[in-house]
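Have a look at these structures, which come just after this line.
One chain, subunit A, links the two complexes that follow: it is found with subunit B in the first and with subunit C in the second.
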Partner chain A sequence: MAIFSVYVVNKAGGLIYQYDNYVPRAEVEKTFSFPLDLVLKVHDEKVIVSFGQRDGIRVGHAVLSINGVDVNGRSTGDGKEILEFLKDSANYPVSIRFGRARLTSNEKLMLASMFHSLFAIGSQLSPEVGSSGIEMLETDTFKLHCFQTLTGIKFIVLADPRQAGIDALLRKIYEIYSDYALKNPFYSLEMPIRCELFDQNLKSALEIAEKAGTFGPGS
Partner chain B sequence: MWTQPESLNSELFTLTYGALVTQLCKDYENDEEVNKQLDKMGYNIGVRLIEDFLARSSVGRCHDFRETADVIAKVAFKMYLGITPSVTNWSPAGDEFSLILENNPLVDFVELPDNHSNLVYSNILCGVLRGALEMVQMAVDVRFAQDTLRGDNVTEIRMKFVKRIEENLPAGDE
Partner chain C sequence: MTVHNLYVFDRSGVCLHYSEWNRKKQAGISKDEEFKLMYGMLFSIRSFVSKMSPLDMKDGFVSFQTSRYKLHYYETPTGVKVVMNTDLGVPNCRDILHQIYSTLYVEYVVKNPLCPLGEPIQSELFSTRLDSFVRALPFFSARAA
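Our next item is the complex of A and B:
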């Protein structure tokens, strides 16, 4: 769990592969009675807590499921609007699960394209000629490492800031890509990667990287 | 850094390539057409092979055609075919050179019959080189100048630099 996710971006900036490796984040399920003491609001097609932190439910957590049924954006599984549903006292007691909202695949696509552009801006901003693009982005909770091959494909790994050996991991992922994606004749270049062997080998490479922190020669 | 490829019987490779060429000859019945198909197939191999090459060797970007020639002859050919051709016959402008292959693993045991005198048996190599270099933003023209199968003493591949491909340049490369 020290390596959070892997993204592979093609030459044009489109996301062709994404893998999330984090342990399910803290999710809290509680039964509530009317009236609800959390203030909820709709944000970005999700219902999130805007005020009223308690018992592990934090501001910013999204409603993930109601009464065991996963929600669909702003509506419950059966299509009712969540906020309307929760205003009606007849629906209580209700059991709601809160947690940090996951990124949807569309959001990931958008973020990958955005990163592709920022990567290019990084190299243009540089005072030195011939600088590379963004190689690392650091925040207090994670570090994003990016490796661009000579052919323009980018391999991006989000990991714990203390995780070592990510450079070697990025090279290893490049090798795995050249083996299990490219050598599969049915895989078309620049298209989303849907190769089982690629997934499997990537997962084991991530496990090795997390444990050992580094790759030995010839592995 | 270099992983040794598992050893595959090179004779199986020669047989496989031979079966491929003869089937193409039967299907197209025209040497020129077969040459074109081999080049196309080689191109598809080249665009994939380049990533494998870059992932396994640690060569960086080549800054001129001479560097490219050296890398192709000394690293790439050695890695994939186990041979090291020599680089000669540079044009005065430095944009064209020849690779002289003493022996060619593709043509072990092969003799070209008279009715296929226009067939460039190893044309797949031209496609591979063209496809691979195109993926690193270099447009090249590759052809066989001499071929031992057609009676010459050595096999000579002539490579000409056409231009740098500026579209889709990866960010950070000037």
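Our next item is the complex of A and C:
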């Protein structure tokens, strides 16, 4: 049971807060000799495996680090193209770490505004009158819960499909937002939330929700 | 509990079949536009979900719900997509959508030499069988009709 991440989207579809609450699993580090027996390709400014699934390295996984140095997009830590680097037999043996690519902040921004549109389309395509937008989206690996306030701010929580008490958590996050972002005189509306108290309280709310799934009566 | 409507899309986004039972609100656009919007939404949700997922996915997108309805989604490896809108009380419909594909679509469309693939399904046999299949579902209630 886990809560994976929290997004706050303003009424225009801009991402104003994001927090990741999980450590990525299923990363595989392996030492290869020349020639490399995986086919890699560049996709979305990342080098991903396109063929040659083996030993926990899956198609779609990205190259995360080479010889212990984190890669930077499609180039190695010291600025060489990864694909060129791996073609050169002089660089072998090489140790490469593979895993699911983590989202960059740009991608998070894009995904948040994408959800904003999906939310609106979901309510337009409704076969019933008076439908809201997407409130819960279920996949086999996670559930996305969304709560839209009357003022149009969306709180989005990604959690394990079996995690309970997310509705209470969403309301709690709204409460934390009202208390520590809105009441902060230095916070300007619709802008990214950079408030220490908001961070702290959000983190403890997530911890409580993961453990118990409730915030007691009346909350 | 009730079923509102059902869409079948092929891998290129053509709406092969559409039928509705207890639909109370139209989208306010032509059916053609609606199919495109629905397919576009599903296409985006699929890519959204595969990027957002913290773990490697198997089935991917399963369903979403709003305050008034629930959309169930099933996709075959060949890219045929079956989408059913129901009310909120209906549990996971994956098996039912798979049945619609395997016992109706495959039997009456794929195996029918007069049904060209990749075009809207004209077969009356398919529509009537689908209609009676959906009406026989345990959560299909005529009360709302």
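In this text, the second predicted complex is superposed on the first by the 216 of 219 C-alpha atoms of A that agree within 3 Å, B and C clash if a C-alpha of one lies under 4 Å from a C-alpha of the other, contacts with A are read in each partner's own complex, and residues count from 1 in each chain.
One rule holds for everything that comes next: a residue touches a chain if its C-beta (ideal position, glycine included) is under 8 Å from a C-beta of that chain, and two chains touch if they have at least 3 such contacts.
Computed from a predicted model, the values in this text were never measured in an experiment.
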Taking the superposition on A as described, I'd like to know which of subunit B and subunit C A:R171 touches: first, second, both or neither. first
Can A:S123 be said to touch subunit B (first), subunit C (second), both, or neither? both
I want to verify the contact counts: of subunit B and subunit C, which reaches more residues of subunit A? C
Counting only touches as set out at the top, which of subunit B and subunit C does A:P93 meet: first, second, both, neither? neither
Per the contact definition in the header, classify A:R58: touching subunit B only (first), subunit C only (second), both, or neither. second
A:S131 in the overlay: touching subunit B, subunit C, both, or neither? Say first, second, both or neither. both
Please indicate which partner A:T141 is in contact with in the superposed arrangement: first for subunit B, second for subunit C, both, or neither. second
Touch check for A:G68: first (subunit B), second (subunit C), both, or neither? neither
Per the contact definition in the header, classify A:G79: touching subunit B only (first), subunit C only (second), both, or neither. neither
With both complexes overlaid on chain A, does A:K11 touch subunit B (first), subunit C (second), both or neither? first
Could you pull out which residues of subunit A sit against subunit B in one structure and against subunit C in the other? 122-124, 129-133
Looking at the complex, which residues from subunit A come into contact with subunit B? 11-12, 119-120, 122-124, 129-133, 148-153, 171, 174-175, 177-179, 182-183, 189, 217-218
Interfacial residue positions of subunit B with respect to subunit A in the complex: 1-4, 47-48, 50-52, 54-56, 60-61, 135-136, 168-174
Touching residues (chain side subunit C, partner subunit A) in the complex: 4-5, 20, 22-25, 27-28, 34, 37-38, 40-41, 44-45, 48-49, 51-69, 71, 85, 87
Contacts from subunit A onto subunit C in the complex sit at residues 4-5, 22, 24-26, 58, 60, 100, 103, 107, 111, 114-115, 117-118, 121-142, 144, 158
